[in-house]
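In what follows, a structure is listed as structure tokens, so that the remarks can point back to it.
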Amino acid sequence: MNIDELIAAAKTLSTPELSDALDYFSLPGVVYGIKPVTVDRAFVGTAWTVRYIPVDSHNPGSVGDFIDQVMPRDAVVIDNAGRTDCTVWGGILSQLAAHRGIAGTVIHGVCRDTAEARDANYPVYALGNFMRTGKDRVQVAETAGVINLGGTRVCHGDIIAADSDGVVVLDIRNAEKVILRAMETSRLENLITDDVLAGMSIKEARQKHHYHTLQRNPLIEEK
Amino acid sequence: MNIDELIAAAKTLSTPELSDALDYFSLPGVVYGIKPVTVDRAFVGTAWTVRYIPVDSHNPGSVGDFIDQVMPRDAVVIDNAGRTDCTVWGGILSQLAAHRGIAGTVIHGVCRDTAEARDANYPVYALGNFMRTGKDRVQVAETAGVINLGGTRVCHGDIIAADSDGVVVLDIRNAEKVILRAMETSRLENLITDDVLAGMSIKEARQKHHYHTLQRNPLIEEK
Amino acid sequence: MNIDELIAAAKTLSTPELSDALDYFSLPGVVYGIKPVTVDRAFVGTAWTVRYIPVDSHNPGSVGDFIDQVMPRDAVVIDNAGRTDCTVWGGILSQLAAHRGIAGTVIHGVCRDTAEARDANYPVYALGNFMRTGKDRVQVAETAGVINLGGTRVCHGDIIAADSDGVVVLDIRNAEKVILRAMETSRLENLITDDVLAGMSIKEARQKHHYHTLQRNPLIEEK
């Protein structure tokens, strides 16, 4: 699948389904602690990475104008090292990102102007929100590199999927096999749901569809 | 009162009113840190308890099919020891529980497939939500026993009341006296509200109805 | 500007804009960790301060009837030292405050009867909500004094502004200059937004309006 096909396929899946598929291949990729803070709207995009560091008071850099380079298929993914005392995303960026069709923003840190993002129906996923600017508190260290999103590795161009349950990162090198596996998991979970809602006991339905090992790596089983 | 009458009476009360009545008898029962995470819908039910433990990698148990045994009057109450890194409740369970009229679920831990539970209007109260499965991370240690819900003791069959302000557990042996006392508190608080909205000063209204000691155990007063 | 004019002007501003203006003058005033917990409704008012301390079991005071003295232009601001195990604001107070037109309540601690406040459309900003009363757990130590709101100084009569992104306190002695500066920031940020939505690159629009130093104290720049 090409990148557009991967994104289209991932859009049909939930983060739990993708997480189960990551488990199946014993791969990392789930992001801990990041939740929707503006609108609870799912998105999938390719990671456009930004890394902030504490400001150099002798030579304060800027918070960057990287947004000009971000394309509609992208999701902005910002590593601010989990800082919650100053923001790295605000109202102008939300409005512009929504206007340009950018998929969404994920921050290991906090955003501000939440109400403006909500009005623009633009999804920002973060540790929370606060009102104090990052200007003169942090500065851009690097864009389009490899970042640490609270312990999860994200490379520029990886696939980012986000929904109510949080954020999952698919290493672009594994994305296709993970997505295909998640589609299979999803199909089987729907069969279980159909069976139990039709009156089968959950025990029977789960055994029939091998629920308890759906996410278990068969190679590990063979050990 | 029989169990159906106790539940019907508790449904007319808020968790603050029940908490005040627990205070009145110097009883424990308030649960710290657990909030509505799917829909903000109050419920009352009898505790159907489940306790998870970390998986035994030599002999991985399962996450259980206990839901087949849970009755409509029950609330599922899950002790996962406060773990937030893997889930013990998901979309199939929410849909099935809603379908079968189960009262709600309370987890000292996290759930997933939040959007599905919301669509089914099924209330899950938890420490939060995340997307990673508990399968092969935890396993059922016991069902229908005594559990520790973040420091609060819950026995199978106790009464569970949950609303926007959190979760309260009524030991079934004390439930009737606590509920009767809460009904009296509620009556007096409504009188205070009526008096102040009708123009009485809050000081006067509270003195008239003994607000400041409504939840104080009269035995303690006598000391 | 007199106090009514200051409040009217602050109502046109967001907490991010006020925070940037505080930064500009190197002033404190942002409050960390306090969020809307009943309704997400912005307000501005003058601080009516209350400080609680742990109960003296030999001489338990009361949780106070101070609300009788609070005026419509006021916001109740409560220092409970960040305690989240017992509440200092509940349903009777929310209903009465809404009825009397009080601006809102800010608590470094927790509130209860969230649903009643929501029904009354009354904004309570706090660390969270819980159901257990503060009666016989805390008592009023002082009203109308100086309080510590999680590290932020609040004097009786200071201006409090609250919205989705949190709470900002304006020392009444600085309020006018901060508000005037925030109005200027707001004007410039709107020009940037207009320019970028009209097609200008964000880099160009930000340079044109000096975005990256909008909140920077020009005196510091000159160093």
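Letters are used for the chains, namely A, B and C, taken in the order the chains are written, and counting of residues starts over at 1 for each.
In this section, contacts are C-beta pairs under 8 Å (C-beta built on N, C-alpha and C of every residue); 3 or more make two chains touch, one makes a residue touch a chain.
Only a predicted model underlies this, so the values are computations on that prediction, with no experimental measurement involved.
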Copy pair chain A, chain C: interface residue numbering same or different (half cut): different
Between chain B and its twin chain C, rotation from the CA superposition, multiple of 5 degrees: 120
Inter-centroid spacing, chain C versus chain A (mean Cα positions, whole Å): 32
Multi-chain contact sites of chain C, meaning residues that touch two or more partners: none
Of chain C, residues touching chain B in the complex: 62-63, 65, 67-68, 85, 87, 90-93, 95-96, 99, 112-115, 118, 129-133, 135-136
Touching residues on chain A, where the partner in the complex is chain B: 14-16, 18-20, 23, 30, 32, 163-166, 168, 189, 192-193, 196-197, 201-203, 206, 211-216
